[in-house]
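Structure in structure tokens, see below.
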Amino acid sequence: MSSRDYILGRIRWSLGRGALERDDDLHLAQRVSNPKPNLIPKRGGGTHKQQISLFVKMAKEVNATVSRLKSLDGVPRAAAKYLKDNDLGTALRLAPHPDLEKMNWSALEVTFGPSAGDDLNSLVMAYGGVAETGSLALVSGQYGPTTLNFLPDNHIIVLKAEDLVGDYEAVYARLRRESNNADFMPRALNWVSGPSRTADIEQTLLLGAHGPRKLHILLVESDGQEG
Amino acid sequence: MSENEKNVGLFVTCLVDLFRPSVAFAAVKLMEDAGCSICVPQRQTCCGQPAYNSGDNDDAKAMAQMVIEEFEHFDYVVAPSGSCAAMIRVHYPDLFADCPDWLKRAQALAAKTYELLTFLSDVLHVEKVEAALDRTATYHDSCSGLRELGIKQQPRKLLDSVDGLELIEAEQAERCCGFGGTFCLKFSEISSRITDDKCDDLLKTGANTVLGGDLGCLMNIAGRMTRRGETVEVRHIAEVLAGICDDVAPISQGKG
Amino acid sequence: MELNAHNFKENARKALKDDDLQASLQKLGSGFPLKRLAAMDRLPEFEGLRDQARDIKDHTLRHLDHYLEQFESRVIETGGKVHWARDIKAGRKIVHEICEAVGAKTVTKGKSMIGEEMAINEYLEEKGLIPIETDLGEYIIQLRNEPPSHIIAPAIHLRKSHVEEAFRKTHTDLPKDRNLDAPEDLLVEARAILRKKFIAADVGITGANFMVAETGSTVIVTNEGNGDLTQTLPRVHIVLCSIEKVVPTLEDCTTLLRVLARSATGQEQSVYTTFSTGARGETDPDGPDEFHVVILDNGRSRMLGHETHDMLRCIRCSACINHCPVYQSVGGHAYGSIYPGPMGSVLTPALYGLEKSCDLPNASTMCGKCEEVCPVRIPIPKMLRSWRKKQWEDGPVPMVERLGLNWWTWWVLRPKLYHRVAGWKMRVLALLGRKNGHFKSFGINKGWTKDRDFPAPEGKTFQQLWSEKGGRRL
């Protein structure tokens, strides 16, 4: 008997039944095909302005740094300033995202694509941000190589304020909405809340474990984006 | 017993009966002062907890049946112990889950069984006691009472009404004292360590009195305190509330 | 790890005398519990979320077969492969075959309790592969060749000096006179060493905190980023998980995630929470070519519908472990199982058999703190008791314990005799103990009197005194 048959058979035997009736199966399938949110904390609610404030507060609490920009055009300058202020040189590996490719990167030495491990700094576009915990959603794909999120020492993430929502559920709803089919999940959806850390040595909190040592968020609030 | 008096059966508990009757007398006084008539059935010994916690359900059932038969006719059943009251209130129905007749009786008894302080505070609505005691005290929350019966505010409210008594909260008042029934015998070294931590925490408050609602915990704490040479007095809260501290030595201490 | 649960008493004895361990445990006891409280205070909906988390798990377990089949279809639809493993032997074979198929030499590993349960490192080493733990705590204990002592902080029992010793012994290419005084120095060194391994690895193995039926995704939760490097860089990603980790939807997973980190370390969210779905697509510039999910049973299907059914709700947060006064006193190794503390005391007998681990369900004061803090409200004391019941009925119970309890039972079921004998016995004891109010030794009661005085009784029993007073009887 295959392990699969054994396990499923065993589960059914333990639950005191056979395979589920077709009606039950359909009913359960409904739960999955029409997913409903459970209890969502009020914390991420409020006006968009409040959500932005909360996001910045929570992100800083987990040791991310945040710069607030008025428009996407300001990204290269803000990135250059960040690298300069932190003595990180002028090399920057960028995600091949159309928004980023459009920008003027003359002030830095930039290249586009995934990281092979030699990059000190990377900059990517966030799919979304969640005010509830100051977390960023990064999706893998042609515009978002996953390696840029973990190999470089210093990670800069651009988040457009219009992509900032109150809770995780809103991000999932958007992923489903924007996709054409049932396979709406990227290969990797990385939720990032601050730079990497560990407390494995005598329970002492240390930043910069295996992932990035620093996380800098460029929060772009286009003019007129009031709550 | 007059018409207005509540007919209360006192479940003495084995430890109080054998080691510290004063606690039961204090409980009786407190309830009588609040308008109860107390009856003490003779045919009672143990609530069955040691057997139950050792997995000996058959014997625990036998003990429970004795308790149910003896006490089910009262208006209320009160025990000066969180763990014994929890045994009756929470676990007797579990014990008889498979016996519909006994289950009904167990549920009926459970519904009217109370730990002493809960009974005084939540049923009799006693707001103030007449006692006075010029001491500082800290309260140990026994695990069963706290987590199975929700006893937290009741002892504190009542102690607040004792003239002259200053209550100081221990940082880890809710942490187990290490008694755990048979645990302290089966795993005595671990138990001693946990008891030591509890004693350290209680002593840190600077209080000269340690109070609690469960004699098992109190005997454990008191026994460790006197072995350590500490002079802090350990008592059952009922003794303080009933104002009988002068009549009985603290637990594990001589009349001195 | 070889199960060593039958040596609990001896292990615990040693642990109580181990000063280094005691210092580490002190830190644990005052660390995680306070952080959890702070996180709870900040989230007014926490209790409601716990209820929902429990309900989601309960619903899923009742329909576990359905959701596992759903999960499997979705993994396949998104380009992954699912392998079912009835037991450890089957699981190990599957993992090895996947590695062999790609000619793997080195395998990086994110932290996985299922991996520990399978003792997969040992097995892969036997087969000539080189498994490398990448979670810092796991890496440290791998170097020291010892098992984890905590399910989320495996090296919590160690001091900095132990880590330094292990690094100096293993990283022999580095200058002998290098400074490793600060924890920071150790971290920097580990980061550099492991970075090379991440990049060179042929296969990456991670665990999964959750499996999402809706999307066929597996979820890992880390702070270090090692899990992500493990699963992104190699050609092959293998996920080791177990049947009870599946949840229906992303929303259900989110509810559980909301209570997971807060219950574990008091964090609002772990630094990295990653949902992995399928293998590298055509447009993916990086990621593994193959995505394999190995679903292990190893006795869990037997727990369903039986006394330890509720234990399958466990999301491995470690809150029960962090708050347990017994664990706080003796640490994880004393339990002799990769699953220590309260959850381990329920799970270990279920997975390995009661006979080999019967001390564990007994090593509890039944204080109930574990149940109080469990994010999915598992009634751990109830399940410990059910193991004790099985033990009482089927053995083994030490003769002295069985006799002792039977002796007590005999007396208490004969109240008339009990009260008559107790009456004079207590009076005698009271007389003997009246000077100090206690006894320093008490015959067979050595367990008590070794470290405590035994309080003397007041004198006559209450029943006697009540009779003398003419108190009301039935």
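Read from first to last, the chains carry the letters A, B and C; within each, the first residue is number 1.
Everything below uses one rule, namely that contacts are C-beta pairs under 8 Å (C-beta built on N, C-alpha and C of every residue); 3 or more make two chains touch, one makes a residue touch a chain.
Remember, predicted model here, so these are calculated numbers, not experimental data.
> Which chain would you call central, comparing Cα centres to the global Cα centre?
C
> What's the farthest chain from subunit B if centres are computed as the mean of the Cα atoms?
Between subunit B and every other chain, the largest centroid distance is to A.
> Measuring from the mean C-alpha position of subunit B to the mean C-alpha position of subunit C, what distance in angstrom results?
The answer is 33 Å.
> In whole angstrom, what separates the CA-based centres of subunit A and subunit C?
Distance between chain centres: 29 Å.
> Measuring centre to centre with CA averages, how many angstrom lie between subunit A and subunit B?
Computed value for the inter-centroid distance: 53 Å.
> Sort out for me which residues of subunit A touch subunit C in the complex.
2-4, 6-8, 10-12, 14-16, 19-20, 24-25, 28-29, 31-32, 35-39, 41-43, 58, 61-62, 96, 113-114, 116-117, 132-135, 140-142, 145-147, 149-151, 168-169, 172, 182-204, 206, 208-212
> Give every residue of subunit C touching subunit B within the complex, in rising order.
Those in contact with subunit B are residues 9, 12-13, 16, 325-326, 329-330, 362-369, 371-372, 385-393, 401, 405-406, 408-409, 411-413, 415-416, 418-419, 422, 426, 434-438, 440, 445-448, 450-458, 460-463, 465-467, 471-474.
> Enumerate the contact residues on subunit C facing subunit A in the complex.
Touching subunit A from subunit C are residues 24, 27-28, 31, 43-45, 48-49, 52, 56, 62-70, 77-78, 83-86, 90, 134-137, 140, 153-156, 158-160, 163, 183-184, 186-187, 191, 194-195, 198-199, 213-217, 223-226, 228-229, 232-233, 243, 248-252, 254-255, 257-258, 265, 268-281, 283-287, 295, 297, 301-306.
> Which of the residues in subunit B come into contact with subunit C in the complex?
1, 12, 14, 16-22, 24-25, 28, 37-46, 50-57, 59, 62-63, 66, 70, 143-144, 147-148, 174-176, 178-197, 219-220, 222-224, 226-227, 248-255
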